[in-house]
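Structures are listed in the sections that come next.
Both of the next two complexes hold chain A, though its partner changes from chain B to chain C.
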Partner chain A sequence: MVATKEAQQTVEEVSGEYKYGFVTEIETEKAPKGLNEDVIRFISAKKKEPEWLLAWRLKAYAKWLTMEEPTWAMVDYPKIDFQDIYYYAAPKSAEDGPKSLEDVDPELLRTYEKLGISLKEQEVLSGVAVDIVFDSVSVATTFRKKLKEAGIIFCSISEAAHDYPEMMKKYLGSVVPVADNYYSALNSAVFTDGTFVYIPKGVRCPMELSTYFRINEANTGQFERTIIIADEGSYVSYLEGCTAPQRDENQLHAAVVELVTHDDAEIKYSTVQNWYPGDKDGKGGIYNFVTKRGACRGKNSKISWTQVETGSAITWKYPSCLLIGDNSVGEFYSVAITNNYQQADTGTKMIHIGKNTSSTIISKGISAGKSQATYRGLVKVLPGAENARNFTQCDSLLIGDLCGAHTVPYIEIKNPTAQVEHEATTSKISDEQLFYCLQRGLEVEDAVALIVNGFCKDVMQNLPMEFAVEAQKLLGISLEGSVG
Partner chain B sequence: MVKILHLHNPEIGKHFEGIRSSLTGADQAWLGAVREEAMTRFTNTGIPGPKVEEWKYTNLGFLANENFAVGTKADQTSEIKAFYDAAYLADIAGPVVVFVNGHIYPALSSYPDEEGVEFSVFSENTSAFRDTLESSDQASSLNDLNRAMVTDGYRLDIAAGVQVRQPIQIIHIVTSATDMKLIPVRSQVTASKGAKARIIETFIGAENERYWGHMISETTLHDAADISLIQFQLQGKQAIHMTELHTTVAEKANFSHMSLQLGAEISRTELINSFTGEYAHIDLRGAYLGRVKQSHDIYTRINHDQPNCQSNQLYRGVLDEGGKSAFQGKVVVARDAQKTNADQSNKNLLLSRKAEANAKPELLIYADDVKCSHGATVGEMDANQLFYLRSRGLDEVAAKGLLVEAFVAEVFDDMDDEILRDAFKAKAAGWLSREERA
Partner chain C sequence: MLEIKNLHVSVGGKEILKGVNLTMKSGEVHAIMGPNGAGKSTLSYAICGKDGYEITEGTVTYNGKDLLDMEPDQRAGEGLFLGFQYPVEIPGVSNMNFLRSALNSQRRYRGGKDMPAVEFLKLVRAKAKELDMDAEMLKRPVNVGFSGGEKKRNEMVQMAVLNPSLAVLDETDSGLDIDALKVVSDGINRLRSPENSILMITHYQRLLDYVVPDFVHIMADGKIVRTGDKTLAIDLEEKGYVGLGITENAA
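And now, the complex of A and B:
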């Protein structure tokens, strides 16, 4: 018992400080505070958007005005004043549009260096193409040329609106309808940037695509929109990482991600979310209200979500799969770590529509401090989904006696050929495990780190190599202290 | 967009006004006040609609448009005797209390008569129910409806240390009649320190009659008490059956509830349990079998407010042609409830394309030193098992029957009372053999 108390203390001590809490001083251009039709017109004009997109935004805004903030999630926060947020902030230097890394503001590059994602380094060494979103504008897109040779489109969503309007019209809002929920409607009205990816037929994307999100300007919401389309027989692995500087106020982040796979295509979407979680007393931190959904439209297609959620004061996020095509596969692997006053309500939805569809859900929640972690998931098998298979495993680990871990699964089955299994457990780090490690000569924090890593193994091993290292580092920061 | 959470049926209020002077205990001012107040609350709140999370899987929308009349006393008929014979477990000698259409039926009843056992009936002694009727904390709107209209019920008090020798059988019968009846009954069971009893409750009614059986039970277990409540739900196939059980369990006490849901078009069983002392145990288990328009909804909640308690839940569902089920189980472990041990298992077997099973096993945990788990599965019959039995010479119907029986048997296999176990088996088998005919 003493040992766990110590471990808990270590955990609290370590995770109190946010390693990425620095502010980049760059002049930014903001839209006036608040939200109204004029702000939306301002954003649209800034982005030099076509008329149809502005109309689409305004329609979404009108819809949003009629909607109510959802309250069903197990998160508790003061009401958000949507008129107290800047909906557009762009680094001034972006006005001219940097063409290459050399053109990018060196201050920016230093920021990323601190995060450990030096573009240069990555360009040269790791072979990862990075589309960086700095606040709202995509400032540098690397490896574009190389991807273009393979016929792959990898650009910011504003560019896509100019260059590929037909595809944008076809796919924007096709997986997450505008009125899907409160935050998706808000995002549809004010989204400022994001990434657009198209993988043509039969192409296996030669590298892992990655976007590094960062919220920098105080009081700005970040509303990106990501669309990834994998055409017949193609494959892409997409990485998304997020960090935000330390601020006393809460910041809002409401993104929408839409994935589409056609016949035999596969998208692997990995997220490491490390937004600022607020300080020890629960002050500040990001409100993360994200709608992520993938549609397996084609036969034998596959969408796999892997997420490591360590940050944000509040997380409200349910990456889902619509398994429409026959034999399609959906996967959800998640590690959610909450500490101090963090609250996470996260999970997935697997909707089985086509025949022989299968889904796997592995969710690992770790709560420490005074945090609350909830898994909320839905597995739905519609009458036409013959031979659907689902396996769900949700495990929660509690560190300390002031935190909470909750599991709220929904299982709705309308076809007898379905095989659906759900298992969940909640426990603390067992005294036996800890004792075993200690008597082998490990320090308490090492032992906790080892056990937690083992607890998350099923999920961590699904991360791409490029991310596994960073995720493990983050686990270390959140839980293990200097040891990790 | 304002969501409509509750539905309203003004006819119920009108009916109440019409019959209030003839309701049980109409001459007593306190009861009149309780009824009045409860009716006002119900009228204001209304019937829970499908947007109310707890009622997600049972749509009561139709209740807003149906007219109800509270059940009235029935004359002695052969129909009643036939229901009685079907429900009464003759092998278990002992007291039996019969209610017909929500009114005590003395002709077939023999009250418990044992030292330390106090038994009273609402219509004969309304004041015995005054305390519970007057306390209305956390009452649901349907609980209020029941409170306003209640016609009859029973109260059982077991003195400290008394172990009731024979199980007490309670039989609720609804006879055939032409109008839509509402049968609101209540029960109240208190087991003092170390008391022990077993209650077997059977609900049975006319096959082709639309009626709404509604029962509220309040059970209190004091230290080291042991109460076992067994419920057979054999209502007619057009019936609406709802039970709401509130139970508190004190130190080292043991509460077990076992139910078998076979009848009714719509059934809803709500089990709300709280621990009020340490080292106590709650065991909830049941089987629900549904087909043709039938819908069974089991809603359980266990509040682990005390440390060192244990709860187990085991539910098995079999859904055939048109059958639908929902199991919503919620375990809440409070901050100080360390060393809690809670597990929950729900398995569903779908036998037909038009069957549907829903499960929502919820764990809300605020203490760290706990062992909590739940498991839920939905699937069809194992083809290998079926093949094995067929290869041994069983025909398909027999093989399926055997597998379904084995699937359900898990619920009552380790029951200590052989007679009861056989009764469970026989009743479940009766349902299964009806399937063979279909």
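And now, the complex of A and C:
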């Protein structure tokens, strides 16, 4: 014991010296490859963080070192070399990006066009340096002013660490403990971006909050950290992600999202995830290991997760709800599409703790090509959760004969008054359905998109309107080439 | 004009159509009758290009174009419509949305633009009304939970909206009650025009009282074995296939 403490001190001293060695480095844009305490100090210094946060990160790092990469998920990928990754890179400067849309991959532009994205937005998304940034700055400023008037805090996680340290200390890691899992520990050590939201008592957020409004400052982070607090009687709808595929060179993503609702509050969290899935042969693509959890701490509070997952080579993601307050409600609506060689292991956990808590899970998995999709869900009713209710519906749709869909429900009931229902179906797009659509004049790809959107309707209708329209188109695009 | 010459079709390696010849000019209404399993539905699928219906011999042209060379959706774009013997259910997709996607896809195929939403809405509502279909049904998912008769009526609403120049109607009259048969027949008659052709597959003479055909064909064992006018159907109703000397192995 003593020995380790000494060793730790030595490390700290040594790294303390190193820290000076890094002073000039701080002026550069990248931390060296790999992960060690120095890199964490570098990140913290870059972000001009308070001392307590650095200490918190270092503790997380120490914990991470003792943990093992999980292998229970039904995903298969080459071992990640965590020392072969850059953990901090300053946002790309304009010169690195393409000069105009003519330099952008035509395939990407074709997708943008299908999604109906304006030329200006296409430029932003593909990283072309343009004046639009000024537009979005001014849009963002207008929005922020409006939010501020309502007393709402909506800022980057780094800003929050400076400006709202008490809240950060209170909530950071309060829902997803550092050591929750391997990736949450990693994220806690190195997170570099993300969003902080606080909705004060009784306030209904007047608009959908979206990271899009922060596009000028938020280069989608590799290790994002998001915290959303809804105080008593408040409501907020938060949109994460973007239907358009974004330029991104980081292969590993490990985000952590923490939500807290107090009495009578509600958070609606919607995600459209469309990161690079790899090519048709399964090369490249993003690994997405996410920990998302919401705590319904107050009575009558509600957290609702809606996700549309179409991208990434590997998805490992289980947005969950801790239903602590009496009468609290958790919801999980998910569409996960896998095509080609994509693998997704996703689902949810609903933990019933308070009385009369209820949860709904609707999961729609669509597999095409040689992909594999797994739904993994846990419904747990603790002894004190009188009259808990859960309804789970898991539907899988297969396109072709080479893909797979798996459903792994875990149910743990510790209170006899619980009512838990589980329904599961697996179906295929039938030749009859396809021919019926084609005979009416629809092209194959439109027909598949239509049938798949119909299959996902129960989930899609939970998305905010403007998101839903784009997400519908996205489903079709993700499945291109999967039939015929 | 539709021209089918010496059409041979195999399904799953088994020859079902064994040399069908049929010519339909614009404006004509033809009826095909024949015993169960004769190959009537097979003919309709082959004309529309369903997967798995292998053409081993013969040609099918429409207005001089080779249909066999086209995908099913292209054939629809050329004006072909198939009223299905067993209409298919598409969960989660509203009738309205389905029809709108189909109509706009056909318009684009013909080099046109999408129909404005308001105009489309008016069109569909008017056609549904003509066919005595409750406007609420337009919002329901395509054919899901529809009764047999409702499905057939829904096919007719789709036909009325898409306004095809060649409609192949496979037992559209089966499963309809007497009043519905009248309504559907009126729908078919409304499509009738010097430009449009209609091919009706039916088992019952009754439909032909309402929609009077120019020609009646009898199909047996993968071939058209007899052709006449509407009196052939009346004859058939009286005497049956056997009475007319048509058996399963007529060929």
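In this text, the second predicted complex is superposed on the first by the 364 of 484 C-alpha atoms of A that agree within 3 Å, B and C clash if a C-alpha of one lies under 4 Å from a C-alpha of the other, contacts with A are read in each partner's own complex, and residues count from 1 in each chain.
The rule is short, and it goes like this: a residue touches a chain if its C-beta (ideal position, glycine included) is under 8 Å from a C-beta of that chain, and two chains touch if they have at least 3 such contacts.
All values derive from a computational prediction rather than experimental measurement.
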Chain B versus chain C as contact partner of A:Glu51, first or second or both or neither: neither
Contacts of A:Asp81 with chain B and chain C, given as first, second, both or neither: neither
Which of chain B and chain C A:Thr417 touches, first, second, both or neither: first
Contacts of A:Cys456 with chain B and chain C, given as first, second, both or neither: second
Touched partner set for A:Gln433, first chain B, second chain C, both or neither: second
Touched partner set for A:Asp446, first chain B, second chain C, both or neither: second
Chain A positions touched by chain B in one structure and by chain C in the second: none
Residue ranges of chain A in contact with chain B within the complex: 66-68, 72, 381, 383, 396, 398-428
List of chain A residues in touch with chain C within their complex: 430-433, 435-444, 446-447, 450-451, 453-458
Chain B - residues contacting chain A, complex: 1, 53, 335, 338, 348, 350-353, 355-380
Of chain C, residues touching chain A in the complex: 48-52, 71-73, 75-77, 80-82, 84, 87-93, 97-99, 101-103, 105-106, 109, 141, 158, 162
